[in-house]
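As written, the chain order gives the labels A, B, C, D, E and F, with residue 1 at the start of each chain.
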Amino acid sequence: MKKVLVIAPHPDDETLGAGGTIRKFADAGYDITVLTVAVHMPPLYSAEVPETTTREARAAQEVLGVRNSIFLDKPAVFLGDIPTAEFNALILDQVAASTPDILLIPFYDRHIDHRLIFDACMVAARPVGPGKNISLVAAYETISETHWNAPHIEPNFTPNFCVDITEQIDAKLEAMSSFSSQLHEFPGPRSVEALKALALFRGSQAGYGYAEAFHVIRMGAELFI
Amino acid sequence: MKKVLVIAPHPDDETLGAGGTIRKFADAGYDITVLTVAVHMPPLYSAEVPETTTREARAAQEVLGVRNSIFLDKPAVFLGDIPTAEFNALILDQVAASTPDILLIPFYDRHIDHRLIFDACMVAARPVGPGKNISLVAAYETISETHWNAPHIEPNFTPNFCVDITEQIDAKLEAMSSFSSQLHEFPGPRSVEALKALALFRGSQAGYGYAEAFHVIRMGAELFI
Amino acid sequence: MKKVLVIAPHPDDETLGAGGTIRKFADAGYDITVLTVAVHMPPLYSAEVPETTTREARAAQEVLGVRNSIFLDKPAVFLGDIPTAEFNALILDQVAASTPDILLIPFYDRHIDHRLIFDACMVAARPVGPGKNISLVAAYETISETHWNAPHIEPNFTPNFCVDITEQIDAKLEAMSSFSSQLHEFPGPRSVEALKALALFRGSQAGYGYAEAFHVIRMGAELFI
Amino acid sequence: MKKVLVIAPHPDDETLGAGGTIRKFADAGYDITVLTVAVHMPPLYSAEVPETTTREARAAQEVLGVRNSIFLDKPAVFLGDIPTAEFNALILDQVAASTPDILLIPFYDRHIDHRLIFDACMVAARPVGPGKNISLVAAYETISETHWNAPHIEPNFTPNFCVDITEQIDAKLEAMSSFSSQLHEFPGPRSVEALKALALFRGSQAGYGYAEAFHVIRMGAELFI
Amino acid sequence: MKKVLVIAPHPDDETLGAGGTIRKFADAGYDITVLTVAVHMPPLYSAEVPETTTREARAAQEVLGVRNSIFLDKPAVFLGDIPTAEFNALILDQVAASTPDILLIPFYDRHIDHRLIFDACMVAARPVGPGKNISLVAAYETISETHWNAPHIEPNFTPNFCVDITEQIDAKLEAMSSFSSQLHEFPGPRSVEALKALALFRGSQAGYGYAEAFHVIRMGAELFI
Amino acid sequence: MKKVLVIAPHPDDETLGAGGTIRKFADAGYDITVLTVAVHMPPLYSAEVPETTTREARAAQEVLGVRNSIFLDKPAVFLGDIPTAEFNALILDQVAASTPDILLIPFYDRHIDHRLIFDACMVAARPVGPGKNISLVAAYETISETHWNAPHIEPNFTPNFCVDITEQIDAKLEAMSSFSSQLHEFPGPRSVEALKALALFRGSQAGYGYAEAFHVIRMGAELFI
């Protein structure tokens, strides 16, 4: 039974980027932990946002079959105020505690929190210390932010790992519908329609019905042998 | 009134990659020419394929508002047998004859014909001779083939130009439905569902409902000033 | 009549990178705003520098036909001290206020201020909120700094949009000559000779006499249809 | 039990690039096929070369635990004379016949045969038809040729999949020693010393003792779930 | 005294790309060989072109201080008809004969001949056999063709080696003026004005007056120790 | 006699990345300065670490023939706390003081200190002011950290400059053995075995026995003419 750690910058990123995959892994009996690093707080956001989005995330993660849900409650958009060494230690400790076989992290994209968390995850994922026993490190896409990187100036997302979620697409969309505070109306980029279309496109790209797409960063044959 | 030349490797590529944009341009009164370079022929394909697909293309292009439709009837997958100088001249002559302001060409992708045509188009599009007066050269994506390039070994499609086709998506799908010999059933990558999903995803990426995506190769301010 | 917002890290960047284009747009009746974010200040620079360069910039921008000139007077090389959220809001508010059709920003290059401003501009330029109605986002090159990025380690400037400034090259050089405090003698990289040579080279690359070169980040057909 | 197809341009490439991995897979009970496409022939090579290298390859593959060994005996360096459609069909038929879960192919590198075979493999590996059921497509490095691509002009090999071959390194080197006609003396790039050093370096990069490195082209969760 | 081999696809490429550097090397007493591979011939070009351009090249190379001038007289644009093995041998033999310390080759750009010659040069430049003793392999830019590669789809020229030709710029332009059959009037991309502007821009990029720019492919410390 | 400045983030990086090259340069009579920027300090590291590693570095550098050894003693992992302008000035002053012909700097890799120092070095290395007279700027690889960058998201190390250290490999390994506090046991990535294997692999890649590899950032012909 594999152990999986999904690192989400904010509540909903785990669902947007890897919701179907999480459910597929849960259906296969894997032990899933979701670590949510930040939450939108005053003064940038209103006071009830943290509680609301955390509650929504718990509901979504229940749909997805997440066993362990951890919220670090760091302030969104202010992660840069945490000293690098401290922030790296924060993430490393979580990786050390959950001893994952599979680590899913956000792609380095337009959102500053995604970038800082990507960097800290990359440090934690090094093949020494706690990272040594990870068989697969992969980055997921977050609809909108990932596709807003500047073409050919910043890294552009081109997946090499697509997970067939044809049987999990309904669960993913149901989980997403838990985030009523976060969902846009179509044609907003975080609408249910856009999320479903991206999954169908990724599926078509890889020979499946619906899929979620990842960029493999590091992998060993322990993953499957 | 702008003149547009769309170069399609095979019948249906113009619709797959730029059908909505063609219709949008036609609606704006632009003069559209579609040049289809190759056609699937015996011995690789059965004898009726050329006639069928050409007829389908004419029907689709009528839906899209194409004014001039040219078929060079070169044998698909055997374009490499034509000497480079001759093939370049073939495309250059067409560019010279149609004097486009906007040139839309296939992305350099997994299909050998797309690659050879891309190369010839790039020669014809050089800012000297007939290419000098082109204001915009852009490459469109062909669902499936474009997304089958090897990630990070071959060029990967990352668009920097998205055309809002929210009002043309129905026309695009209607045009596509003309290609009954080419369409796949969902979840095939050339299904109506996949095409619509890609358009919705591209739209979500660019702030529109539905969109078609392009990679800008060369542009001048004459395009809009 | 299109509205254009040019974001300059320091006084002179708008002229170095886009002076001819600004003048061409002004000649076409466009409404041009230049936002200058930072200025060189004590203790790194002597006390009269801010006033001098701002006065030079106003003179240059008058030559170029700029209608609105905004100076935020942030301290050059110390932009990193401004919290990310605050700095993003600063730029976003200006984009919201000027509602541009065309947004020209500095390329992500060797100068730390160019990098931080590029990042904030990319956030403001996202196709949601104030950024939604921008038809063209493009990055200009700043002679010297842009060409000092590490080859193949950092992003390298390869233009896909060249603006013919053959009729504006004299105005560009005249505007540049306003910056007597900033100009180098040839063979300094910010000499009039170097600036003219770059314009002639970019022109030769694109089939024009003189040109300015840009990297298209995001574009919609609203730009020209 | 997984089925593996390794495509080798010439006798020895399967051992150079994936010998330890093949043995590891064989030890795990996987069913391994090696398809060797070309062989060095007169007039470029002396008459006994084909027989010698094929015999050496059979000996090496026996050490590695290869179950099926197929030699197409196409003329090395003259693969370009085979029409593209025919060559693609040749590879596709082999993929269709062996129905692999895992497909290992040569990286697109300095050797023209490696390039042409890479291209044909990419066509065969598309997620339609025979390629649809492949769970993993990855490219291996061939010591010397892969590292002779022009830096930053041609694709450069940067692995994201390293297979721990600490327990198979001896078998790999033993297999390699079968190719007495191909081995160089140290410091030749195809010496036993160089091969062992590369394996140790790849191991150090990934937290193992010895490893072989691959570039993942396409992967699905069927690989491990 | 170093030996230098400059490989020119056609008469004038050696001057366009490396004329000032050749002269600088000659001034330093280096032994320079220029190998011109192809020439423009009937039926694509008129009958007197080969003689004219070869005579012009000899005149130009005399200005530049070239000691050995070799013309292979292969037909321009038809190099693809020569079998790969034969073409590789042709270039390899020349490299073997001239035993260069420094090898300057054309960048892989929009001209098919430049691409084929680049490939053959890369084979000849491998650090085995005749290539083993080369201390520096670098690719030069050919004004126009090199800058017409598709941005971010094909390799884009970003130099990491600039040669100060401030004292050789006059000789370079004089040599170029020998090619009266090839020169364009300004604003043509192969005008004397464009060539001089590019040299001034490259100089400004690297801290010199005028410069020629190269992409280093392979270098050893033997170059300077 | 050339002057060389090697910038090491921490004690041992100069030996890991360029130890053999330093010794080769010293053997050739070059004047070598090593600038070590940071040191591991409390509270992240125990109190004796700074003294130990500095003493080890002095011993190693004596083996390598370093003439001038400078330690700035900045706190490792906390370099980000130093304001950018101040940190840039710190490095620039050292470059100005040592007036190098050759500047060797760390590659931009997984270690935050390497990134910050790379950035400051790139500013100091600009071809203006103190950087104007540098003939060669190149980045070395640091075993482990350099190879832990995310493939195809972050810059990946692909060398274009390999220095033959066949005669210096013993000195390099002896120097490395001075760092008893930093060395890992095999199969740790900083073991003597891994270091030797990397050198042998780089040698095999470039036609040498053992080599060190670099990425050329900027070079002029003054290096060798």
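Simple rule for what comes next: contacts are C-beta pairs under 8 Å (C-beta built on N, C-alpha and C of every residue); 3 or more make two chains touch, one makes a residue touch a chain.
In this text, all values refer to a predicted model and were calculated from it rather than measured experimentally.
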| task | In contact with chain B and with chain C at once: which chains are those? Just list them. | result | A, D, E, F
| task | Sharing over half of the contact pairs with B-C by residue number is what counts; pick that pair out of A-D, D-F or A-C. | result | A-D
| remark: Quick note, more Cb pairs in contact for A-E or B-E? It is B-E
| remark: Note: chain E sits from chain C at a C-alpha centroid distance in Å of 35
| Junction residues of chain C, two or more chains touched | 127-128, 144, 148, 151-152, 158, 160, 188-189, 205, 207-208, 215, 217
| If each protein chain is taken as a node and each touching pair as an edge, is the resulting graph a line, ring, star, complete or other? | complete
| query | In the complex formed with chain B, which residues of chain E make contact? | reply | 44, 77-78, 80-81, 110, 112, 144, 148, 150-154, 188-189
| task | Report the residues of chain E in contact with chain D in the complex, numbered from low to high. | result | 83-85, 107-108, 119, 122-123, 126-128, 139, 155, 158, 215, 217
| Contact set on chain B toward chain C in their complex | 2, 21, 24-25, 28, 127-128, 131-132, 160-164, 205-208, 216-225
| note | In the complex, chain D touches chain C at residues 151-152
| query | Can you list the residues on chain A that touch chain B in the complex? | reply | 143-144, 147-148, 151-152, 156, 158-160, 166, 186-189, 191, 193-194, 196-198, 200-201, 203-205, 207-209, 215
